[in-house]
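Before anything else, here is the set of structures, which you'll find just below.
Two complexes come next, and they have one chain in common, subunit A, joined by subunit B in the first and subunit C in the second.
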Partner chain A sequence: MKLSSVVFKGAPLLKKKFITALCLLAFLFTPLFLESIKLLPMKAGAAYASEQTAQAEKPSGPEAKSEAKKEEHPPAPKLTEKDYPQVKYINGRIMAWLVAQLHLWFAAFVLAVPILVFIVEAIGMATKDKRYDKMAYEFIKVSLTAYSITAVFGGLLLFTLVIFYPDFMKYMAGIFSPTILAYAFLFFAESACLYIYYYGWHAMETGFGKWMHLTIGWVLNVVGTVLMFFANAWVGFMMSPHGVDAAGVFEGNIWHAIHTHLWNPLNLHRTVANVAYGGSVVGAYAAYKFLSSKTSEERAHYDWMGYTANFIAVSALLPLPFAGYWLIAEIYAYSQQMGITLMGGVFAWLFIIQAVLIGALFLSVNYYLWCGMERSKGADRYTKYIKYIAFVIVACFLVWFTPHTLILTPGELKALGGPYHKYLGPLGIMPAKNTAVNIMLIFTFLSFLLYRRCNKVATVSWAPIGNAMQIAIFVAAIINIATLGIYYGYFTNTVYKVASSVPQVMSTLTVIIACLIIDVFMFKGAKEVAPLQWGKMPDRSQYALFLLAVSFTWLMGLMGFIRSAIRQHWHVYTVFRDNSPDAFTPTIGYATRIVSIGVVIFMAIVIFIFWLAHISGKKSVSKEASH
Partner chain B sequence: MKTFLRVVIFSLAVIFFYTFYASSMIPQIRPAPPPVEAKLDLGAMTMEQFINLGDTIFHGKGTCELCHNPVGGRAPLLDQVGKRAEERLKDPRYKGKAKTGEEYIRESMKEPSAFVVAGFGVKGTNDTQSPMPVVTSGAIGLKDFEVDAVIAYFQQKAGVSVTVQLPKEAPKQEAAAPAAVPAKSPEDVVAKYGCGVCHKIAGQAGPIGPDLTKIGAKKNKDYLRRAILDPNADIAKECPTGPCVPGIMPQDFGAKMTAGELEMLVNYLAKSK
Partner chain C sequence: MKIPRLLLFVILVAISYFIFKAPGIFLKQPIPSSLIVMYMFFAVVTILLWMTSTEEGMQGLVGPIKAMIEDPSKKTLRNIVFLIVPLLAGGITYMQLRPTYEAPVELRSIHPAPPSTVKVFGKTFNLMTLENPYRKVEKEDPAKFAQLVKEGGEVYFKNCFYCHGDKLDGRGHYAHGFNPLPANFTDIGTIAQLQESFLFWRIATGGPGLPKEGAPWISAMPIWENFLTEDEVWKVILFLYNYTGYVPRSWAK
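This part shows the complex of A and B:
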């Protein structure tokens, strides 16, 4: 018996009413969201305008205006160590750090999963393949508990900040209070959408109800994304304050404070990263279920689920370096000093660690794809190429994590003859790294292309031409990327060194888009030579999915630290100084140990969530069986 | 259960590897502590001390060296700017208000876009906009006397006569000095009392006083304690700029430091071998 029949047993009228109520609710919410988004700057603008009018009525003069503004919005306070409350046995900064990071991990997960679910549900609707619907439902079930935990950590973060950084919170609330209220409202709206989306799944399974359900999913995603944009506005303001003067006095226009220099780069980077992250965590869930499966059907289902989640994660992972690059470029544009501290100062070594982690991500993704070829005997044609792809990816990975400047003892410096290695030093510069990462992306895409065609043979008459075109595009792009990297890296002024990045990225995107289009048309109606056998995967392949999820989580923790720490001893960069006892920038070892503690806590809670989903699944199965 | 344990062990092993790699295989640089306002007796400063202060600011608080270095090539080198300043004034592209070399350097620090050296402007602005931050505001926040000290340093380095006037009196100190809170570590003591402004110590490289990074190998605790409380009791022979001069080091650390801070610093120096 279907779950919908259990919920709405013998009550078709009630079901209709429920759907109608949902439709009304969804239509009610949508304009409200749009209105709140649209009106926010206008409201702020109106407030500013009325303030200006009031000011105009008062005795004029810039000093009088400035005084009046300072009365309403005081400058950023100059704090001393005594202004930071101390709680025995608890370090405020570590507490805030861990809680904020845990909140962020869960938030990323619960924002990403509905995006994944929406996409999978839409594919299911388009293809009429019930497997997609089942998988989407399983995804959203996992995210439901995570949603509550995200809220718990959000509340805990608020308490932590109020307890340990009261003056900072007061200052931020003085500027961002309208957005805080909007945030609270959106949180309720998101909760409502999520619960309707989840609990109404089976009630809206067919016909117009399904369309309605998909629409609610879309609204859920819009609300969740806008919610994240608000949080990004606060973080962006702390990094690149706007709408305040040099002393931190708020000028009165909330839109200026939201729309800082780094807001949009942060929005894009976090949205894309969330999708990749959500995919990787769901992939790990599927991998665990695959390994614990007792029947071949279960094994096939979770193999397919793991593949789909991994596919989504990789699809988002491919453009992620470009979004990250834009963010860093904008940091440089906002403050060269901040940019150089980030990439050339004490934080530079963290990017070597990042390179190792991203290298691990790419290697695990490729390994999973290569193992996936075992699902079809038709892949034997391509397995001989794997070793070459592996060689190129490892070589690129090695270039990527070659450091530029080495920190050496005087003895080592003398032995090396300078701070750079004679042969490896030139590989440490940014154009070399950009070249490596673009080639790594292209070869990862090649792995995917080979996997895609492993069970079939193109039957269109122009197949040889199509193949030749694909090879030509690959070769031309690689030559272009390498030439750009060499020319801009070693034959131009430093200022223009990064100029190669955009055309290199365009080359990579061209390969991905053009080859995918050719492939889709070329393999339309292709002959299947050996069908894919879902579930026929070695157990070891699933550990690639765990590696992906763990590496991603750790990487997010590390990058979160870097993003926050480049403010150094500032709560709000250049306007509100952090004078707490913990204002110092920690060493890399210290920071990574905190990150690891956070990852272990996060993983423990995620395992708990998976366990809850597992026992809930058991209950559903037994219920269905009893009917 | 077996699968569960395998997955947990695998995940922990991955986390452990990353932690080990980052903690043990990557150089552990201890970033400089947040800058603390050093209390300087500006009225009693000699020009040599003032130039050395400029040197310290150039390599430290001013963060000038982040860009103005021969490695990155992000900004023009400044070793000869004291000499070149006069030539810049004659450049047809110069639109600033400076009349002398000294004024030009001051202007370039306070209004970096007044003149942008060809090839170093913000991309797309045809060298009309400088990427350099204003050094008297924001994260750098140099005071006027610190800007003057840097100019004096540039002029001395370029071998031209130093035209900057010595400051006559100390500027008003802002109320943020955390002197009332005892330092918690030797590095905090060093930062709090500005030892690194003159000495090479705890990651700072003051160019005036003796190098203290290996002082523990040569001197015992009694000597070190006396040197802090009564700096003129024993004068070191060699300082980076020549023979050490008596009377430069502040004489009032005995009144300012807590007993705990003093002992912490003495023990730290004694262990610096």
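This part shows the complex of A and C:
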């Protein structure tokens, strides 16, 4: 207590401001820095094809026009190992990999939290329940330190790329310089919005001020999302270049370079995933606070906070597999090579690890909901159904991660008569996975529905009809999903197979939306049989929230690596070759070790942030007590 | 009679194990041991999650174990369990680590990723856009298409069937001399998932044309561009899809 009051008296705010200001400066000067690189003469060792062409006889007519364009925008350089600067004791690739990943984790978190906060604040305004406002404020407080760290890693990533991959950065800046400038200014705008939003919270707490505050929150989210879309444009360009010719010569239209084949799938996937991720990290924070609570009031508050964060995370988790499927389908459609590398080739087993982690997410979400039923004695009516839900979820989960490429001992290979398994083979391809994940989602929703009604009894006269309607919707959707998966997945061509995933998703969404609407009306004015007792949760349930956050983090690291690595030896796919000494495809073990190291570093920093929030909370409590 | 929770747990784990072993016992299609380990892990985890989701269930499961460890009257049972558990763990560890003469397990990927372009028959083909030139004949002139398929069939039976079999199931005369077996085209996981350009690349460049990633491939497939014409390759691809009834992977326009 004494230590914290001495060390942090006024300091964290200044420290944060100072670090953020430094990073802002770094970002603002980035375009100038990159521009200066562009003006520098190239290294002697990097004799580019464009230079060699320029020395040849100059053509005329349309060729001259093309040459003029090339002079304005040179083709992608053909680099050699010598063009990649080496720094003693530091592996450039691992450094760029880890720093980029850490930046991305924090960025996802700080982009997501304002979305959650905006929603929670709006709910608080609508319901006039002060608890929401308090929780929203606590959410944003947690994200503020993370925001500074995001900026620090962003700056570090920039320096790492400029140091280790200068020619690549020069090429990208040559095409994307307007967006880099816009990115820097948007970052500035986001910082401004965030600080006004946070520091103006109490000043704009009532009346019109609250509307102003909410509007600033809205602007903050718009700016943050657009910022991410810019970063996605660069990544999308590296994977599916557009607006350049086969040699990498930029054709001059920046919109073409931004609006690549994978840009929108990336935008959607990352936006939805960020919300789910932000919810999970805040949930982990609530679990941390719950476990360290001293009073029943604190336990109740953080139990409620954990529930709300988990609810938001799960709401975003439900549509996430569909967004992911769209992204992968588009990658496959763009390049058969990338698609097969991803799903059937060298990364196939990383996908199995991904499937296992996603399964772990579903299990932990369900477990948390099942444990949550302990909050009310009225739940006794429903706990008997948990075992059936658990059975369906684990059955779907096993199908979900059954690999297409089996690891067989010579004895098993002989017994099967080859590498193809008669019964597991069909489970290894996407129709089986899509069917399994949709049913898994529907049953996770069923867990939520049972939890929702555990403390009350519907009193409306049409309650039996409402229940029957819900059961009918569930059954019809499951039959529809299974039929679509089996018939279109195995007995028609791939166009229908891929297309059938859409009505499968629609069936799942119909169940969720229709049953929720029926439920809301059916339980309007319902009789409370046993009130929910917030805080009456077993400690073990909180570890499900930790598992959720860790699984999400690991998943993002793993899938981020896979998404980036399917370009293989290309900086920009098929246009700009990566000839650095580290341009190899890592083995599964190597890749998972690096990702895991990243996860451990991230988690250590997150725990540090939680601790900071915890001691700052102590300080406010002691202040309140002294008043 | 209500079954004690701990006993129920043991029964459910045993049933799960039996279910995963059943395809091998009754259908001669064993589930690989590597997969059984994964299946069992998550089956056990899910059973535990269900059992501990209520306080009553948690106590029912943990209570007897706690009592066995703490209750002085259960000393004999405790000693037996404390003897059996380490012995069991030691036995399993020994079975896993003991030296065997069996070849080590290989992690193979079934689908090699194609390059973006391939140079065969003296030309460079872009595999991202390459299509079977005869595919359009299927709608335009069904009679001519049937003739092309027939010609493809002749190419197949003169060249491919020795390994891939007369039923295209990868069980030709020479198949059993190879490990892994030749591709089974009737399996839903092979040509049904692929574009025709992929097959063109695989046939034309054979085993030596496989990418460095995912090696070793251990493929005996010859480089067919040395023995067949470009036309013959496209026709044999028509035959493979026509015979199996699959449609090549394509994308909605």
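Simple rule for what comes next: the second predicted complex is superposed on the first by the 556 of 627 C-alpha atoms of A that agree within 3 Å, B and C clash if a C-alpha of one lies under 4 Å from a C-alpha of the other, contacts with A are read in each partner's own complex, and residues count from 1 in each chain.
Assume a contact is a pair of C-beta atoms (placed from the backbone, for glycine too) under 8 Å apart; a residue touches a chain by one contact, two chains touch by 3 or more.
Since the structure is predicted, the reported quantities are computational estimates derived from the model, not experimental observations.
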item: Overlay on subunit A: subunit C relative to subunit B, clash or fit; value: clash
item: First (subunit B), second (subunit C), both or neither touched by A:191; value: neither
item: Partner chain in contact with A:264 - subunit B first, subunit C second, else both or neither; value: neither
item: Contacts of A:568 with subunit B and subunit C, given as first, second, both or neither; value: both
item: Which superposed partner A:349 touches (first subunit B, second subunit C, both, neither); value: both
item: Touched partner set for A:579, first subunit B, second subunit C, both or neither; value: first
item: First (subunit B), second (subunit C), both or neither touched by A:386; value: second
item: First, second, both or neither for A:91, with subunit B first and subunit C second; value: neither
item: Touched partner set for A:538, first subunit B, second subunit C, both or neither; value: second
item: Which superposed partner A:341 touches (first subunit B, second subunit C, both, neither); value: both
item: Common interface positions of subunit A, toward subunit B and toward subunit C; value: 333, 335-338, 340-341, 344-346, 349, 356, 405, 407, 419, 493-495, 568, 574, 585
item: Contact set on subunit B toward subunit A in their complex; value: 3-4, 6-8, 10-12, 14-16, 18-19, 21-24, 26-31, 33-35, 63, 66-67, 71-74, 119-120, 122-123, 131-133, 137-140, 174-176, 178, 180-181, 184
item: In the complex with subunit C, residue positions of subunit A that touch it; value: 333, 335-338, 340-341, 343-346, 348-349, 356, 359, 363, 366-367, 370-371, 373-374, 383, 386-387, 390-391, 393-394, 397-398, 401-413, 415-426, 428-429, 490, 492-495, 498-499, 538, 540, 568, 574, 585
item: Subunit A to subunit B touching residues, read off their complex; value: 78-82, 246, 288, 291-292, 333, 335-338, 340-341, 344-346, 349, 352-353, 356-357, 405, 407, 419, 493-495, 543, 546-547, 550-551, 554, 568-570, 573-574, 577-579, 581, 583-589, 592-593, 595-596, 599-600, 603, 607
item: Touching residues (chain side subunit C, partner subunit A) in the complex; value: 23-24, 27-35, 38-39, 42-43, 45-47, 49-50, 52-55, 58, 102-103, 105-116, 127-128, 170-171, 179-181, 184, 187-189, 192-193, 195, 197-198, 213-214, 246-252
